[in-house]
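A, B, C and D label the chains in the order they appear, each numbered from 1.
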Amino acid sequence: MPEPGYSADEIMTIAAARQLHNDTVCFVGIGMPSAAANLARLSHAPQVTLIYESGTIEAKPDVLPLSIADSELSETAMTVVSIPEMFRYWLQGGWIDVGFLGAAQIDRFANINTTVIGDYGKPKTRLPGAGGAPEIATSAKEIFVMLRMGQRAFMSKLDFVTSLGHGSGGNNRAEYGAQGRGPSRVITDLGILEPHPETRELELTSIHPGIAVDQVKAACGWPLKIAARMVETPLPTNLELSVLREFKARSEAAGTGRPQKVRAAQ
Amino acid sequence: MPEPGYSADEIMTIAAARQLHNDTVCFVGIGMPSAAANLARLSHAPQVTLIYESGTIEAKPDVLPLSIADSELSETAMTVVSIPEMFRYWLQGGWIDVGFLGAAQIDRFANINTTVIGDYGKPKTRLPGAGGAPEIATSAKEIFVMLRMGQRAFMSKLDFVTSLGHGSGGNNRAEYGAQGRGPSRVITDLGILEPHPETRELELTSIHPGIAVDQVKAACGWPLKIAARMVETPLPTNLELSVLREFKARSEAAGTGRPQKVRAAQ
Amino acid sequence: MAEISSLSEAVRDLIRDGDTVAFEGFTHLIPSAAALEAMRQGKRDLTLIRMTPDIIYDQFIGLGLTRGLVFAWGGNPGVGSLHRLRDAVENGWPKPIELDERSHSDMANAYAAGASGLPFAVFRGHLGDDLPKVNSRLKRVTCPFTGEVLAAVPATRPDVGVVHAQRADKRGNVLLWGIIGIQKEVVLASKRTIVTVEEIVDELQAPPNACVLPHFAVGAVCLEPHGAWPSYAQGFYKRDNGFYKAWDDIARERETFLAWMKRHVLATKNFAEYEASLKSAAKEVARA
Amino acid sequence: MAEISSLSEAVRDLIRDGDTVAFEGFTHLIPSAAALEAMRQGKRDLTLIRMTPDIIYDQFIGLGLTRGLVFAWGGNPGVGSLHRLRDAVENGWPKPIELDERSHSDMANAYAAGASGLPFAVFRGHLGDDLPKVNSRLKRVTCPFTGEVLAAVPATRPDVGVVHAQRADKRGNVLLWGIIGIQKEVVLASKRTIVTVEEIVDELQAPPNACVLPHFAVGAVCLEPHGAWPSYAQGFYKRDNGFYKAWDDIARERETFLAWMKRHVLATKNFAEYEASLKSAAKEVARA
């Protein structure tokens, strides 16, 4: 274990988990969002409602699901509905408080790319695609995004907008007719970014302990603004760390615990 | 028991039941159509698939249901689906071979009225209304209608078209974009009427034993045509009568067997 | 978020005069207890929605509490007419009601659109029937791919949706089974909801893929055993066909109807008293 | 009407070269046995539809049997890329494939429209994303009541729909449970259907309101126990996460992929032989 007593992924997951509460109805993307959402459920928010787009409502997995439709989800869920019902009645119907997404790339207005790098017709890298993300992003009351910072992830311009964030900023999101207030938090391994109330440009509002502002700026593809009210992310507690590590250990023992890459909602 | 050894309602029910076969998927209206459909199932067509708009698929009631959603239906069905699913996937989706309807009034092109007698805004008699009938009538592959003949039921002109039959005759039904071939048989207490292949006007194609053609004509509100190929309805067999009577007796014992009035699909 | 409460409080707090209210139930699980409580509290000027209005709507109408009716089939299933509904439509007694008349397919699609957060529903319907002539809410939309013209109806979004179900847990998650009808759609489409249940248990124990209304989508949950009578609750009690037949006589004349309602509904405090009142009346008849 | 038959006959008779085929399964109940049989029979020039293409579609694509792909998320869940899909899109190997790219909501609505006999589906979507810029099939429709502009997509009506399920009865009624995904819609929307099942029993014994595909809506029913491996069948076996991880190495290079497919799929006669072939290969590795 390196010096700070926790890894960058661990504080990212813990900082993300803290954003969910007992009364949150959360539509969970696979990978890191799923780890964070379940950490919340296993620690401070035992009654948080986790919904996966596979149709599982109030899933309570004991180990981290490798996919969004593992038996671990369906067998622990209160009920399982069909995919059309999930997207029409539950997502489009307006019941989701938080859509929790991963991303391959994000821009300063929290638009997301999980489709291609390069030209769509002749891509340099073909990514998995949209999955449920476009309509999650424009239907949930708010959106949390989780991904590691880096010049190849935090882009000044996306090759493809898979899911709308705040569009070109300001009031642009509402002009598209999107529901909800869009991405309100981007939780990373270095800190938390939130959109400026007016311009909707992401700015650093919380920095993880031991991380320098220059380090964050260097990991961002645009000149990152620092919020005047920026705070330091509280240190992970022993409880948070032990619950997360036990969950990861159980998951590895069950064969689903391969170090998770952040991915778009499948 | 009167002279012929069976009642007018009995031969009507038996003549109707004979129209269904083992491989028929039948959407069943309540009342007489339900009695006929179950008679078919309990006699010559044990594998007929009966679907009620309450969502019950492959119902096998032991007694006649008083409503279209009795526990007798749901507890004996292979499965029960929601009402939107029933109308969208099963009816509109095109799986129904026969829609089996009752009616208060019918015209010469087998259009049906179950809405009002008199003016809609100030009706002489308010009838129950459409229920599922309009879309059954325009979605099933064919339609059977069952009602007792009489001057107040077989009308030269309807006050209200609740469910499309053959419209104004000829090709008119197809011009509305209706699916299926529409009413192909009208089964009554006096005989069976079928639409003429071209004009689509109902004509008498089968007359029940002991009934005079003039008697049928007198019970019809328009000058009823008699098909050149008119036949006599085969007599009810002992088996048909005994199965029907046992079914009715069981139903009366169960409190659902009140002499059925013919009604629109609820 | 669901709250377990008494039915009288739920009706008092959630149903307002002038509301559009759907007391739904497709023969099964009809929310009789909740409807009678709303009558007892004199909720008025209601626009009532129901695919298959039956006894409880006959009662609302006969008491003059109803301004409008959105419906597809208004009858006493297997018995005959709803006499109070007919009297209101044919004779304007006790007052006229405004009809918004539909078909089942139409209403099912409209509820589903409401549950889906969509402003309208598309279906293949109203082909050659006269309903669009008397109901201007039924419109058309053209398929942008095939050019086919289809029926369009506005989404149904009641102010209050009221249903009965078999079971809830203590957090307010609700389970129903058997003929589930349009119950889920009504609850999801409505701004406020009341769910009466046969039992409240610790653990819901829903079978896989069962029809569940999660706590976050439900308003008030009220324990009302037998609260769907004279309709039925699969697994609890059967449909009381005898009462449906008896209703034909009770409701046929204005006076007998009003006297019956006053004695058994308006003069009782709740559903249990109402049922007791009916039982004691039945005994009187038996003695006479 | 359902017919119980062998998988090889069903694939031979029902899937034709050039067909549009949906082998569906949302992580759960993926019809692997049926897909591999189609590859074994060299069905070609296929347009494949799937919300979440995974290993079997990687295989179809790598073998050059695929003309087009309709999809929303193409990856190896929890592991990474589908290398054969990427190689085809990025490098045109073994040949280019035409993409008809969607979102999940979009595809779910399009399948449901197909199952509903409608020509198109309406939903609130594609707001500000770039998919409509690269996919001309995504259009708009205006609500005739509110004026809101919504997304419209054509109904999905595959030539052949292929799914796996847990149970059938001898008449061909099918029961599935757990994550039911889009399985019912695919079967109802498709012109021809193949359903592989874990078991065929005398009586279906479906719980109330279970997901059942009645015999009259099903084409071929084929007994293929374990036929969803390496995905899972709730109540029968778990997901083989290890194989999904192993696939990453098998499919990364063209040569290893082709050798693996030849040895285990093309050189075997059926799914049982395929699984035996994999087991014997695993033993070789263990011995080495």
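Keep in mind that, in the parts below, contacts are C-beta pairs under 8 Å (C-beta built on N, C-alpha and C of every residue); 3 or more make two chains touch, one makes a residue touch a chain.
Since the model is a prediction, treat every value here as computed from it, not as a measurement.
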item	value
Intersection of contact partners for subunit A and subunit C	D
Approximate Å spacing (C-alpha centroids) for the pair subunit B, subunit D	42
Interchain centroid distance [CA atoms averaged], subunit B/subunit C, Å	28
Multi-chain contact residues (two or more partners), subunit C	112, 116-118, 123-124, 148, 178, 180, 184-185, 208-211, 234
Two or more partner chains touched - positions in subunit A	74, 80, 88, 92, 139, 179
Which pairs of chains touch, using the document's own definition	A-C, A-D, B-C, B-D, C-D
Sites on subunit C touched by subunit D in the complex	116-120, 122-124, 139-141, 143-146, 148, 150, 152, 154, 177-178, 180, 207-211, 234
Sites on subunit B touched by subunit C in the complex	30-31, 53-56, 65-71, 73-75, 80, 82-84, 86-88, 91-92, 111, 115, 120-121, 123-126, 128-135, 137-139, 160-164, 167, 172-173, 176-179, 255-256, 258, 260-261, 263-264, 266
Complex contacts: residues of subunit A adjacent to subunit C	23, 25, 47, 49, 57-58, 74, 78-81, 88-89, 92-95, 139, 179
Residues of subunit D defined as touching subunit B within the complex	1, 112, 115-118, 171, 173, 184-185, 188, 204, 206, 208-212, 214, 216-217
Subunit B-touching residues of subunit C, taken from the complex the two chains share	26-28, 51-52, 71-75, 77-81, 85-86, 89-90, 101-106, 108-109, 111-112, 123-131, 134, 148-149, 178-182, 184-185, 211, 232, 234, 238-239, 241-242, 244-245
